[in-house]
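Structures given as structure tokens follow.
Shared chain: subunit A. Partners: subunit B in the first complex, subunit C in the second.
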Partner chain A sequence: MTGIIWVAGGLAALSALGVVFSPQPLYSALSLVLSIGALAVIFLVLNAQFLFVVQLIVYAGAVMVLFVFIIALLSPDREERFRVDARFAIGVTFAVGVTVAMLLAARNGITFNGNGFRAQQIGQASDPYHGFAFDQSDNGLVNTAGNVQSVGGQLFTTFLLPFEITSMLLLVSAIGAVYLTRRRRDPNAPVRRERALAREPQLEEDRIEVEVR
Partner chain B sequence: MLSDFAPILVFLAVCVAFGAGVQALASWFGPRRPSAAKDLPYECGIVPVESARRRFSVSFYVTAMLFIIFDVESIFLLPWATIVRQLKVFGVVEMGVFIAALLIGLIYVWAKGALRWD
Partner chain C sequence: MTASANFPYLLALAAFLFSVGALGVLIRRNPIVVFMCIELMLNAVNIVFVSYGRFLNSEEGQVFAFMVIVVAAAEVVVGLALITQVFRVGRELDIDDLDELNE
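Moving on, here comes the complex of A and B:
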């Protein structure tokens, strides 16, 4: 199990580097798919089956489709090769610093919950349920029943209203996407050839002439 | 349980092994005699006249957006399906309301002709 986490984590980290350093945006997108897939495996090993499925279907499926379509839409050329300058050094230092600080904080049990940042005893932070209103004795049951059921049980009872509001959100985004990109012309408007003929009638004669010839 | 997902791991391993294996076998045993004629578009293919990196129609974007919306809808069906027996009629009704709201969206999209490709 730890082995799977190491392999998947390493793959996720390497492909994340590939996202940043690929010269072609499309290769970045493909690396991101691999990174998302590796993260999904980590979620699965941590017994979060619902996150695993969401990660694959929504992120690796839907969101990546949008990314790839936007890449096709904007058609960016090759990026220029990154230069190792001061800005690059500051960015890398900042990213590494934040990551190391977060790892150290997690290792030393400093977590964030409803009470804000606070230090826990070492080892306590590795318990994923601390700080939440989960019954500790129920952990085994939750895990054997499968995380999907427990998510569903909460979602369709306690969080019924947010769930139904989600459908409104999806409805608005469907209508918005169509409204923003719809054709402004009405379907009975003349097509391009008819408009061209209306503007320059001699085109019709040219066309006939070509056909006769 | 994690072991329930072992078939997926086996499936992935077989996919990767097959893909890599076919490539490796082809490169080891296949003859390689490149020529200018072999790089031409095959038979009825058209000789490319410009770069393939050009802007695509916005219709692709609409299609992708609509796919995402109904994909996110389908993700809610998964936890619902696992506990629909416990939720009984209540669960059917609430999912009915959810899907009805998205059905309105689908009808709007359909009526606006966003599903047509022209």
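Moving on, here comes the complex of A and C:
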């Protein structure tokens, strides 16, 4: 288990760097797919089988297909130069500082409240119905109730209201996307051809040719 | 070495992913890539939720991570619709030029 976590975590970190630093947007999208897949493997090791499947279907499936489709539709240019200014310095300092601080804290063990609730003791509690224990090294529990069952039980009992609000959110965002991308019929707006001509005057010849015909 | 000993390193991984995503939001110019970096940050938060839920023996971390995934999907849909509209108006995909929207 430990090896899987380290390999998947390293892969996720490297491909995250690929997302940020690759100039071609399509390569950024493919790196993000790799990162999401690696994080899904980490979910699997952490006994979150339901989230593993959801991550693969929703993120690596739907969201990334949407990203790649939009990139193919808009075909954005390569990004040759990044914004290297004060924001770059602040961002790099933030990233390096947070990562080094968390690694130092990890080496010393994370403590809560300062009185020795160390990370090494967290996994020791009893695990009454956490579902099928993919990793049995902690407590050796293999329960018959599955992870989907236990998470679904939480979703439909304790968190029923947030779950229903989530469905409302999805409906609103779908309607919003349709509203935003609909073609507006404004009589005063220049038609598409005039806009294209104003942008690229060499298209004039093509227009004449079309009208003669 | 049990898996729970990895817990602080998972937090460190999440911090790394979050800060790299924030760095990407700061330095990239393409709004599509900026959206991808936001997705990266949300994924880092999900790692924290799931690992806390795992090592505190509770499903609630997974429930919250599920909510985060749903919100991220909705956000991507609306954001990419906005990006296509901006592209249709201006033909330029540079996030620094978006301040002309308030004119």
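As a working rule, the second predicted complex is superposed on the first by the 128 of 213 C-alpha atoms of A that agree within 3 Å, B and C clash if a C-alpha of one lies under 4 Å from a C-alpha of the other, contacts with A are read in each partner's own complex, and residues count from 1 in each chain.
Criterion: a residue touches a chain if its C-beta (ideal position, glycine included) is under 8 Å from a C-beta of that chain, and two chains touch if they have at least 3 such contacts.
All of these numbers come straight from a predicted model, not from anything done at the bench.
Undergrad: Applying the document's definition of touch, where does A:A106 land relative to subunit B and subunit C: first, second, both, or neither?
TA: A:A106: touches subunit C, not subunit B.
Undergrad: Touch test for A:T166: subunit B only (first), subunit C only (second), both, or neither?
TA: After superposing on A, A:T166 lies in contact with both subunit B and subunit C.
Undergrad: By the touch definition at the top of the document, which applies to A:S28: first (subunit B), second (subunit C), both, or neither?
TA: A:S28 sits against subunit C, while subunit B stays out of touch.
Undergrad: With the two complexes superposed on chain A, say which partner A:Q149 touches: subunit B (first), subunit C (second), both, or neither.
TA: first
Undergrad: Can A:V53 be said to touch subunit B (first), subunit C (second), both, or neither?
TA: In the superposition, A:V53 contacts subunit B only.
Undergrad: More residues of subunit A are touched by which chain, subunit B or subunit C?
TA: C
Undergrad: One more residue to check, A:V98. First (subunit B), second (subunit C), both or neither?
TA: A:V98 contacts subunit C only, not subunit B.
Undergrad: Could you say whether A:V63 touches subunit B, subunit C, both of them, or neither, answering first, second, both or neither?
TA: In the superposition, A:V63 contacts both subunit B and subunit C.
Undergrad: Using the superposition on A, tell me which residues of subunit A are in contact with subunit B and, in the other complex, with subunit C.
TA: 1, 45, 47, 50, 54, 58, 62-63, 66, 70, 73-74, 77, 151, 153, 155, 166, 170, 173-174, 177, 181
Undergrad: For a test of understanding, state which residues of subunit B touch subunit A in their complex under the given definition.
TA: 1-2, 5, 53-56, 58-69, 71-76, 78-80, 82-83, 86-87, 91, 94, 97-99, 101-102, 104-106, 108-109, 112-114
Undergrad: Which of the residues in subunit A come into contact with subunit C in the complex?
TA: Result: residues 1-2, 5-6, 9, 12-13, 16-17, 19-20, 25, 28-29, 32, 35-36, 39, 42-43, 45-48, 50-51, 54-55, 58-59, 62-63, 66-67, 70-71, 73-74, 76-77, 79, 82-84, 87-88, 90-92, 94-96, 98-99, 101-103, 105-107, 109-110, 119-120, 122-128, 130-131, 135, 137-138, 147, 150-151, 153-155, 158-159, 162, 166, 169-170, 172-174, 176-177, 180-181, 199 of subunit A touch subunit C.
Undergrad: Within their complex, state which residues of subunit A touch subunit B.
TA: Residue positions touching the partner: 1, 44-45, 47, 50, 53-54, 57-58, 61-63, 65-66, 69-70, 72-75, 77, 144, 146, 148-149, 151-153, 155-157, 160, 163-164, 166-168, 170-171, 173-175, 177-179, 181-183, 187.
Undergrad: In the complex of these two chains, what residues of subunit C are touching subunit A?
TA: For this pair, the touching residues of subunit C are 1-13, 15-24, 26-30, 32-33, 35-37, 39-40, 43, 46-47, 50-51, 53-57, 59-60, 62-63, 65-67, 69-78, 80-85, 87, 91, 93, 96.
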